[in-house]
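Labels run A, B, C and D following the written order; every chain starts at residue 1.
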Amino acid sequence: MSRLSVALLGAGFIGQVHAQNLANHPGVAFKAVYDVDPARSAATAAKFGAAPIREVEEIWADDGIDAVLIASATNTHADLLTQAASAGKAVFCEKPIDLDYQTAAKAVDAAAQAGIPVMIDFCRRFDDSYAAIHRAIQSGEVGQIETAQFIARGPALPPLEYLAVSGGQQRDQNVHYFDLLRWLTGVEPVEVFAYGSALADPRVAEIGDVDTSVTVLKLENGALATIEAVRRSAYGYDERIELTGSKQMIEAARQRDGWVNHYGVGSVRSNGLDTEWLPRLIRTFPRALDEFVTAVSEGRPPSATPADGLRAQRIADAATQSLATGSPVAIPAD
Amino acid sequence: MSRLSVALLGAGFIGQVHAQNLANHPGVAFKAVYDVDPARSAATAAKFGAAPIREVEEIWADDGIDAVLIASATNTHADLLTQAASAGKAVFCEKPIDLDYQTAAKAVDAAAQAGIPVMIDFCRRFDDSYAAIHRAIQSGEVGQIETAQFIARGPALPPLEYLAVSGGQQRDQNVHYFDLLRWLTGVEPVEVFAYGSALADPRVAEIGDVDTSVTVLKLENGALATIEAVRRSAYGYDERIELTGSKQMIEAARQRDGWVNHYGVGSVRSNGLDTEWLPRLIRTFPRALDEFVTAVSEGRPPSATPADGLRAQRIADAATQSLATGSPVAIPAD
Amino acid sequence: MSRLSVALLGAGFIGQVHAQNLANHPGVAFKAVYDVDPARSAATAAKFGAAPIREVEEIWADDGIDAVLIASATNTHADLLTQAASAGKAVFCEKPIDLDYQTAAKAVDAAAQAGIPVMIDFCRRFDDSYAAIHRAIQSGEVGQIETAQFIARGPALPPLEYLAVSGGQQRDQNVHYFDLLRWLTGVEPVEVFAYGSALADPRVAEIGDVDTSVTVLKLENGALATIEAVRRSAYGYDERIELTGSKQMIEAARQRDGWVNHYGVGSVRSNGLDTEWLPRLIRTFPRALDEFVTAVSEGRPPSATPADGLRAQRIADAATQSLATGSPVAIPAD
Amino acid sequence: MSRLSVALLGAGFIGQVHAQNLANHPGVAFKAVYDVDPARSAATAAKFGAAPIREVEEIWADDGIDAVLIASATNTHADLLTQAASAGKAVFCEKPIDLDYQTAAKAVDAAAQAGIPVMIDFCRRFDDSYAAIHRAIQSGEVGQIETAQFIARGPALPPLEYLAVSGGQQRDQNVHYFDLLRWLTGVEPVEVFAYGSALADPRVAEIGDVDTSVTVLKLENGALATIEAVRRSAYGYDERIELTGSKQMIEAARQRDGWVNHYGVGSVRSNGLDTEWLPRLIRTFPRALDEFVTAVSEGRPPSATPADGLRAQRIADAATQSLATGSPVAIPAD
């Protein structure tokens, strides 16, 4: 099999993670790097033996490039996806496609018209634990899903400037769990209600966001889901999932960062959680990339499609509206 | 110290548990047993060396009785409490005081007027784990509470006849967690929203109840709580609590019923959960009784007062209303 | 079924535990208490409604007594067992029968000649975890046993006066694990080697004993066992067992005394171990008693026979000899 | 700082692991690969951009090479180490230096005379858990070490041809734990006793080896250690350590290969252990390499010296002798 020639668009924090994975993947020829900052393009390209690109149009024009990995600023995703559609390049795209649903939907439509393969980077689908839960549910051993619980507690409040343009906690943090909920259960949520507070920093409220929220969802079969999301936990990065079914409860337990126990009088001290989110998720990115490469080579849709991206966004929009109105909000079906 | 002379009112399932604890408590003289079924009175009295009573008035008239433990049918609690108030007996009362808030409030008022000591059997306050969490929060080590999570999954659907008169899942099952929430955090919830479904048995919906619910509450300081309650789990009796604070997360982990691990190829098989709720909670009852006896002897209010009982009921009523209306409901402050 | 009439011989610390269990057992009529200290006899008898006995001969002469529970000082066990044999009473006997093997064997022989039922209180056979391991091994799921590991760490050094007459760590502490090893595996050990040190207190060495030891045993089928025994651990009472078989490893994990976890930055603090041995084993005694009562009523040998007691003692003697000589010692087969 | 130029000697299984780590280490220039099989040299060199070497003498003669990593067959280690000493190259050497102690000692002596930096690949010193235990003991929080327990259970019997030249279980498998014991406790063992059996395959006995053993050691301060080593476990690769001290017990718990729990009626099924040894230890190799590179650059001895290698070998020789003679064997102090 010939390798997939890939250009990286965006060489910031998450772009660097993708760059390393592109370089490591045996099925990928990591050809080019584009970033708005030419110095960053150059440095990243040099590190991985790729070509630095000054104008993104060069990539669209290059027949030697099969695919692009969009890891640039959020507000450029939809435009780049649309351009890639015109150029006939396959796309691996960081979420979200756009904070505005209509803009995102338009870009997705362009991609669909062009028939290019597109995958959204819902990397948690490739977490070992979550993938195991998915397999278990698919196998039938869990039975009909009845409840789903997601705990998502981040280690620190992101900078306020970031929060101000993030779309809010539902779109920025919970969108991952909206996707997981749909993917794991195979059932669509039909209504959502959320409570939120700014407990970590009152300035979060001033910019119209929350840092602590509980979101509950009713699924079309009556199953019920809850997501507790916290931006700044006191104790590290904590992700935990449990789903009950008619036959079994299945849990992706919180993960300690080691296996050492100190037994003293009256208590045992053990390893804690990761202090950052990246160590918890770092192994999901190469697997997500591998799914993209494999799906393209096999000519089948990848695990996380643009339609999945739009659905998660619909739910995040409804949850955001619930936070604003204080009432439950129906999730549009389209 | 002289012992507290106690009469047991009601000798059914939970009455038997209390009878054994009354007999075991060194500070209690277990004097008399009353039940609507004279045969049951007689058998229980004989087993524990107490006197069987045919008419409850005999107890009110007996100066040798200091206190009564009300464990009879729910719809008799308020009346018996009111009678005990008239007779000046201390009361340890199974929850709820009455399914109707006004009826309950009136009985509580009578008790307050009479100045009798009254304790509501919120036995979970005496669970080892929950008591440890309470102490930890009181000590300040957890910091300001930000979120609270309660999982309550019962092993089997109660009989439909029971459910029909139970007041619904919020009043019957969640009321314990409403009390725990207030007691552990020391903060009042101000609004509640709930989703519910009948997933275990569609007949539950026919009687206007749910068997699976998620309930979210906003506390007056902005903290957020969730309760996932399931009547029939696939895997046993499961109670679990976790609270995050500004300094620490504290967890009462789910409890396995043993410590044996079988290591095989690719997996480990370990003990599961209790199959019934009683083994999980059996040790809380004698401690609750001990708190009552100690509080009466020290002339101080016991841990769980009638006011606590009414507050929990207020929240349960609001949550029930939310289930019915599909909207969040403010919890009356009085 | 009529109840078994039992007299308690010895009302000290462990005698009190047995007294409570005799009183609680529905198949036992707790008739009489004998102790060398008449005041102790009287107090214990009064507490449980039994008769205080001044001379043990009264018990042998009383046709209304079916069985005796020997919980007196170790150096009286063999004599009391022999007397009980003459009197035709069934015997539940605290271990060891005697610190001297020949003396013990003679008493066992007398009991065998008389045909009385005798059970040795190897209470750990009735620990939930160990019983589960026994069942698993019996069922075949573990396969052929290949290794066995016993950890036994006590919370505090016993008084030196106790140690001086205890027979040494092998006879006093390890004898339980020698019995468990035989019972769990169903295979006889044929040779033993032990290292020991006095690390907790040098005076332990002065009285010819050790407080810390590792003992290794070769079983007749080539399986290997190790026992690490510590008199004074820094962190509580710790018992742990793991056995590997040709199909599975099975473990009785160390037991925490609760289920609360505190998550802080970088570490989790959890419940520790019991601080004393009794909480860990308290539930084994009534079950051992129940086995005795049931075996007597069914006319079958109880789980732990005098022959089992002698075998464990043979091994303890050999291990003691190994400590003294610094060489492995063959365990006599008889 | 300029990078350390390294040549790899030996490109077999473990050589491939080292090759990848040499290529990844930012402080290493991976210059050359030598293997007895020229095709293997060529392939490995090509993969990592190094030069394939036909005669090892070329490496000794090349002033551009600072160090060699010896990962060739065991019986070539001592000779290569001696040659490296003559050539003045730093050496990172797979264990053992030689199965024969005198041969190993002679090579170590040559290295010492030449003054070259040498590190033995006792990679477990760089395991996260073991390093944490080392730090804890060094910090004093564990107190005086009193007992040490090592469990080492491999997933499968190595090929008999391998076992025949391995030096036996003590030299091949336990040597790692002899080193850990010395390194963690900082105390020398003075005597050793071992039992061993061939339980996995009787042919192991025919070649004079064992596949299952328990080894006990007495340390110079009276502390006691045990090592249970199994070649073929029924359930995966299992390493576990626990040490008790006068203040604390510290444990490197066995590691599950994931965090998913399935709760069913009466039991919970969880992830098992690794199925091979490499996943458990893979992260130790780059850290060991890093220690070598750092030590060389700082001009200080690395963590695991040739003297450490010889000490571990002395203990393994004594343990082997104990297996052969059935008696405890004193460990020579030199």
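As a convention for this text, a contact is a pair of C-beta atoms (placed from the backbone, for glycine too) under 8 Å apart; a residue touches a chain by one contact, two chains touch by 3 or more.
Values in this document were obtained by computation on a predicted structure and should not be read as measured data.
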Chains in simultaneous contact with subunit C and subunit D: A, B
Target subunit C, source subunit A, minimum contact steps: 1
Per Cα centroids, the chain farthest from subunit D: B
Length of the line joining the C-alpha centres of subunit A and subunit B, rounded to whole Å: 42
Centre-of-Cα separation between subunit D and subunit B, whole angstrom: 58
For subunit B, residues that touch 2 or more chains besides their own: 234-235, 238, 247-249, 263-264
Residue numbers on subunit D that touch subunit C, as the complex places them: 143-144, 146-147, 149, 151, 153, 191, 193, 195-199, 212-214, 216-218, 222-226, 228, 230, 233-235, 238, 244-249, 326-328
Contacting residues of subunit A [partner subunit C, same complex]: 234-236, 238, 256, 263-273, 275
Sites on subunit C touched by subunit B in the complex: 128-129, 132-133, 136, 141, 247-255, 258-264
